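Notes to accompany the following structure.
Per-chain residue numbering starts at 1, and chain names A, B, C and D are given in the order in which the chains are listed.
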Amino acid sequence: MSKTSPVELDKVVIRFAGDSGDGMQLTGSQFTYTSAMLGNDLATFPDFPAEIRAPQGTVEGVSGFQVQIGKVDIYTPGDRADVLIAMNPAALRSNIDWVRKGGNIIIDTDYFEDRNIKKAGYETNPLEDGSLDDYKIIEAPITSLTKTALKDIDLDNKSIVRCKNMFALGMMYWLFDRSRNETVKFLESKFRKYPVLIEANKKALDAGFNYAITIRAIASNYKIPPAKIEPGLYRHISGNQATAWGLLAAAEKVGKKLFYGSYPITPASDILHELSKYKNLGVITLQAEDEIAAVCSAIGASYAGQLGVTASAGPGIALKGEAIGLAIMAEIPLIVIDVQRGGPSTGLPTKTEQADLNLALYGRNSDSPCIVIAPSTPANCFQYIFEAARLTVEHMTPVIFLSDGYLANGSEPWKLPNINDLPPIQVQQFKENGQEYQPYLRDPDKKSRYWVIPGMAGYEHRIGGLEKQDVTGNVSYDPENHQKMIDIRADKVKTVANFIPEQKIIGAKSGELLLVGWGSTFGSMLSAVKELEKEGHPIGLVHINYLNPLPKNLEAILGDYKQILVGELNSGQLVGYLRQIYPQYKYQQLNKVQGLPFTITEIKDKIKSILNI
Amino acid sequence: MSKTSPVELDKVVIRFAGDSGDGMQLTGSQFTYTSAMLGNDLATFPDFPAEIRAPQGTVEGVSGFQVQIGKVDIYTPGDRADVLIAMNPAALRSNIDWVRKGGNIIIDTDYFEDRNIKKAGYETNPLEDGSLDDYKIIEAPITSLTKTALKDIDLDNKSIVRCKNMFALGMMYWLFDRSRNETVKFLESKFRKYPVLIEANKKALDAGFNYAITIRAIASNYKIPPAKIEPGLYRHISGNQATAWGLLAAAEKVGKKLFYGSYPITPASDILHELSKYKNLGVITLQAEDEIAAVCSAIGASYAGQLGVTASAGPGIALKGEAIGLAIMAEIPLIVIDVQRGGPSTGLPTKTEQADLNLALYGRNSDSPCIVIAPSTPANCFQYIFEAARLTVEHMTPVIFLSDGYLANGSEPWKLPNINDLPPIQVQQFKENGQEYQPYLRDPDKKSRYWVIPGMAGYEHRIGGLEKQDVTGNVSYDPENHQKMIDIRADKVKTVANFIPEQKIIGAKSGELLLVGWGSTFGSMLSAVKELEKEGHPIGLVHINYLNPLPKNLEAILGDYKQILVGELNSGQLVGYLRQIYPQYKYQQLNKVQGLPFTITEIKDKIKSILNI
Amino acid sequence: MSEQAVDAPQPKLTKKDFTSDQMVRWCPGCGDYAILSAIQNALPQIPEKKEDFVFISGIGCAARFPYYMSTYGFHTIHGRAPAVATGVKLANPKLNVWEITGDGDALAIGGNHFIHAIRRNIDINMLLFNNEIYGLTKGQYSPTSRFGQVTKSTPMGGIERPFSAGELALAAGGTFFARTIDTNPKLMTQIFVESSQHSGTSLIEILQNCVIFNDKAHGAVTGKEGKDDFQLHLEHGKPMLFGKEREKGLRLNGFRLEVVTIGENGIDQSDILIHDAYQHDSTVHNMLIRMSPPHFPMALGIIRAVKAPTYDQLVEQQYQASVEKASYKNVDQLLKSGNTWEVK
Amino acid sequence: MSEQAVDAPQPKLTKKDFTSDQMVRWCPGCGDYAILSAIQNALPQIPEKKEDFVFISGIGCAARFPYYMSTYGFHTIHGRAPAVATGVKLANPKLNVWEITGDGDALAIGGNHFIHAIRRNIDINMLLFNNEIYGLTKGQYSPTSRFGQVTKSTPMGGIERPFSAGELALAAGGTFFARTIDTNPKLMTQIFVESSQHSGTSLIEILQNCVIFNDKAHGAVTGKEGKDDFQLHLEHGKPMLFGKEREKGLRLNGFRLEVVTIGENGIDQSDILIHDAYQHDSTVHNMLIRMSPPHFPMALGIIRAVKAPTYDQLVEQQYQASVEKASYKNVDQLLKSGNTWEVK
């Protein structure tokens, strides 16, 4: 073991990149998990190739994983990597733009021969043509070293070569002064039925670690001390998993079983996979024949007294509009999860985009408002899907939940909530205070109907998609009644504003500039605002989770700043909406539609140009 | 024949009401047609019962038909009727609110016995309880008089009673000094295989006419002299028929066959019925298995070189969003007709509403703008659907056409256009000026692709719903390219503003107030503005037909008035859109969501209250 | 709530208990009236509590049905009733779920949900009112309209070959198929009662007359002569006999069915096929479904009723099995399972 | 444009003429490669011009197919390819239209369009790549996955009974059904060529291997022993023989098919059923489609090919008939027909 004491860093961004089959996602997660156990704050983002496996060695087949770890609070996986590990020329080529100038690149030189260099689309060998002069290159024959290290192990060549990711991980562990213990434990449990694989992987891990000490290619190694993290029990969680678990928690709280009707689609499918494991908790998952059947089955389940949920991505959400309208008319609970992705049409299925705010707000025939909320970090998908459940059950109208590919696949450490501390969710139960039950009687505060379900004797009634008469719920073609019901439905959703938290402001409470965002851009916006503050430019940040209705205090907040900048990963959907709701203010825009999150720098640059600093 | 000379009127509103089986639609159309032949200007609107026939004699089963005729220009079927003919108590009850105080009501007293009075929901006989004191009531035993008149005809009782609508029509013809000739001709052609029916109906018509002379219940009869109407060949046309015919004309102009893929739905189905008659003109109508198949078949037809059109109403349009997104991505022609109706959900299928502007603008995943236009009178559906065809073909992107129940079923006289005078429609043909064909090459002015269709040798290429690389059209996941294509698609639609007429202003060109409307409210708005002008209150009217993009001069126009009032038959969709596009102005709203058009009075009252007059 | 009342003795229900206060609004003479009445007669014969009956419909004339029943009811959207009904049944398997649909609702826009519900064998009863036309939208052809039929949307006659609901259902793995007619209240009531006892998706095709847009579409079967010569009332275990004197019957000739007359050409009772509704192989059931006048009678009654696990039962079984295996009993335990770490 | 070139002599096309410049991006070892190659081999054998071939696909691994063909191609949206293809064929009946679809694309979200296209008998060729899994979305079960199969969305095993594409197609009135496997390039090419000659909807089910998510799903048929004992290659007019020495065959036993061995129990050639792909009655075709190992071989080849008018032909016929009757020849004449009046 090296005895030089490592250099201390506040934070560092590391990127793993290799062929889809090279195990980079695993390597990344192991590094992440070990760092979390050491007390670092962190955030990760996997960068998958498009859905189908491309031929080995091509740029299309590269799979990446980025993690930022710190002793300071970490809000994003980082703009650019300080260290990249590239397992072949294609991985180098497609990831080089993600490395900061001056950063370190560790390269498996074994793959840098002509054939693979060509396959990656290079004309000349980048290791020789000077194109990497701006970076610190650490050349290591990772594959052959792994083979050498494992030469005595009784395994076929293919399986031995597969261990090269552990060799790479070992190097990284030395570089960042991390223990190998957690990964060893992991290997022992994962391969418990194949001891030879445990041995091989451990050997590769150790060999990498020792190799890094030996070559000392980097002047010294680094230490990222633990961050100041709130005490508690933690686990690592992705947005899709947090969404699934939040639903489990909400169903338990409501005392209803969870019904999840869905049709697979990237990047929403993992919620289905996750929930289908929890049958013992009473979850029913129906993989429907299409998105329409999915939402309709959820409507049926809600009607019959379960917590009905459906999920999809843009193209599938576009198909659900008619059915969501039915749930709005029937005034029953329904959660619609939209894990947004790049569009329009099939678009960029594996890429992130804040694509569907307009669709959520307006994608139905006629005036049919519903509640719209969005999480803002992978972990808080738990909290906000729980909120979605609370609102749909208590207000008896659908809630659309706008996650996206970045939140869904990104992950971060998550302090486990105490289930008992979660807010209660009250079912709107009909109380017979002398009045006879009628299907469109309403709770006086929330203006919602009561959730009376088949099987309850004496309350038999009929509902449906034709316009309803106020109170009785009978079909009505009466003009005044139609106006009244249109108004009631709008008012009901507006009333929700009385039951959600006020909008919080981060940073300056008034002044030159307010930055406004929603959903998955939170991490970058927060980082940008914090950095600007440090640089002596305090601005305000309002990051909206409750999109319809908007928090009641938002209107006043917007008035407290000289300028307002609205940033989104689309061509301007929130800003258009704000112009409608609060037309008295002027808004500037920062938009990006590239299938990628904002970098902190992009946000800071825009703000600086507005403020002339 | 009466020799008293009739009193001259400028215009009059007449309403026919009876059981669904009483033939009121026919009576109304005959009256309308005769009046048109006499040179009156006019407008009609049928008021159908909900889709299913209700039991005879009930309010739900009443079918109405309203027509306004005039020697002056007529823009609407009128707010309230001057004369109502009510064939039974239910017809009276459900139509009385549509008669102006002091108006005439002709009643078939034969049906005013206990059973039918009860059935209509009256507690007491309205003829006796004083509830009709505000009206001039003309009691006529129409049914028994018809029977008496036809007693010598060899027909069963049921068939004889069916002739009572001709008796009623006869009375109306005398009252308004109209000749029976046209109706006689009609009867002779309609029943040419059943001479006894010709005889019976003619006798009833004459009997009614003579009865009206005899009783002289109304002090005298009236004359509505011909209006000053532009010379030309005219026919009577409804909005749905004009839409169908406009499509025929456009297809002929483009030199492509018309493909119409549709799934029946009220109030759009009549377009399908109409178009299915014109196979000889090359029209293919496909009644698809659902709305999605309908739009997809139209996309396929467009892709293969026909003019692809689909139509539906709100619930069906909500289902087409995903496919419209595909057409936007593929950049091919497609017309989507939305004959809007009351919503949300199944809502009020037979009632009118400007329900779906938001859906047209935003009802798809991700940023996916397309062209949106709306006709504003039944007859100009012809002109605007022709425009839709011109724009979709020349700009290679879908057009959504927002008609509604009022336009679809309403009708008016229509001066036949000279087909040669219709604007040309130019197909975007690829010209090989040395460059090789690539699927996403663009016309430099319109920024549209070229319409290259299967079967053209040497131009084979592939397109699809995944993001396309600029120019080549290959699948591309490149971030910058995605941004570029998002911008190109937006820009392409914006560019359409260079190819549409400027917005016209009616009335005052600047001043106190600008009234803004779109679609089917045109008639009422125009009437209101004309009447106010006569009353000494000139205001401006901007009625928008091109909704996306908006006409280029609109922004400046809006700035020329102190106040802006936006009126719509929904909760404020256009006004929200204007707030987004032109946030610099303040807008006031007039909204009505009752399944009914605006009355002129409603608009005038709102304007007066704003102007304090 | 129903759970508390499980053991309370139930008062005997009557037709009136199933009649709502809403005015019935079909056209005078519509076949739907008779179907409504038959259901209202059938429900009291089904040993379920009133509050456990649920009627789910799509859109169409037929689909207005739930408004006229004083049970729980949900008039949903066009074509999607099977999906909604699937959600209802899974949410509460104790409910007795009826889906009401028309030929357009079930086989045009709803075709996919129709075959998938049947494939899953979810335990619901589907009543398909087949009037071979779109009634509510005023007379366009439907997927069951005849080839060549003139309708509002086919002025020169239809050019699509009609679906057979029964054949489609069997191809989708259907476990129960019955056919009846709106002119035979007794048969309807009986079949409704029996279908409710089948576990799995019961499809009942009702030949229904739309007096307004497709009058006498089933005239060949329901008309005076039709009644005797073109209706074959199937009963499990009974020979396939029909005709005024039950003198005609079906027998097998190679791969084909054949109409024969007893006493003619040496045919006697023993030549006549015996109906086996319970056999899993669908070959004969398909042949019976395909028969129609003028060469064959129309098969009525329960044509197929075979046993197979239902989707809702299998869901319940997996639930039970997973409860036995699970290492955590609630969400709190789940959260704390697996890879967690403590920050002090 | 094609119209002008009708009589120009065509240079002989080769496989290369049908290969696009795009890199093929399926997983190494995916069965889709062999199918692509078989199509590229088949097209030159079909007497059509290159520019008249159009490939329309939905979404899925299979659906990427058009990108690799240098013909006209349209990669549309999930499940809707039959509808798009219908529009294409109606717009220009001269085109030779191929629809490329997967088991999820065709039978889950696209199930309704699938049965309706077949019902209409629109003249397109549907290639259904059946890998019994959702490949593109990484491994959920599909409507053809086996009962009990463990997939990402069925960790405890699937509880839905699979669809048989062929049975569904026949129930929808299918006029052509063939089955082939990705491991037999010759059979594929031959069937593609023959199917293109059928007028009407030709459905070709291809048993395709997804190495990543459902490897060896068809192993029982494609494996070493399977090849001999579990593949029955059907040819019209030929006896249904299979086995290494073609010693096994099928015969009819009552309503059932039975596997027999020639020479055993007195069985000889004459007992063996002769394949009749042209018979309209679908009974035997259905039985053949339903067969699967281990009790039966899997039927491959053209199982059904019957004549019926196609939708596109009928549309054309009505067009011709209406042209003959019409009193107006263009829109101007139409406008002036019927009730018009002159204002002077």
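Some points to look at:
Heads up, the rule we're going with is that contacts are C-beta pairs under 8 Å (C-beta built on N, C-alpha and C of every residue); 3 or more make two chains touch, one makes a residue touch a chain.
A quick note: this is a predicted structure, and the numbers were derived from the prediction, not measured.
When the C-beta pairs in contact are tallied for B-C and for B-D, the bigger tally goes to B-D.
Chain centres computed from CA atoms place A at the largest separation from chain C. Look at where the CA atoms of chain B average out and do the same for chain C: the two points lie 40 Å apart.
Chain A and chain B have Cα centroids separated by 47 Å.
Distance between chain C and chain D, defined via averaged C-alpha coordinates, is recorded as 31 Å. Computed from the mean C-alpha positions, the centre of chain B lies at a distance of 44 Å from the centre of chain D. Residue positions 59, 75, 77, 109, 111-112, 116, 143, 156, 315, 318, 322 of chain C are each in touch with at least two other chains. Residues of chain A in contact with two or more other chains: 50, 279, 289-290, 292, 315, 322, 326, 330, 345-346, 464-466.
Chain A contributes residues 50-56, 58, 60, 263-266, 269, 272-273, 276-277, 279, 285, 287, 289-291, 315, 345-346 to its touches with chain D in the complex. Within the complex formed with chain C, the residues of chain D that make contact are 109-112, 115-116, 119-121, 143, 156-157, 159-161, 163-164, 167-168, 170-173, 252, 255-256, 281, 283-284, 286-287, 308-309, 311, 314-315, 318, 321-322.
Contact residues on chain B toward chain D in their complex (touch as defined above): 33, 36-37, 39, 229-236, 245, 248-249, 252, 257, 259, 261, 278-282, 284, 286, 288-290, 292-294, 296-306, 308, 322-323, 326, 330, 415-417, 419, 453-466, 474-475. By the touch criterion given at the top, residues 23, 25-28, 59, 61, 64, 77-79, 108-109, 111, 134-138, 140-141, 143, 152-156, 212 of chain D touch chain A in their complex.
By the touch rule above, chain B contacts chain A in their complex via residues 50, 292, 313-319, 321-322, 325-326, 328-330, 340, 342-351, 353, 355-356, 358-359, 361-368, 464-467, 477, 479-480, 482-483, 486, 489-490, 570-571, 573, 576-577, 579-580, 583, 586-587, 592-596.
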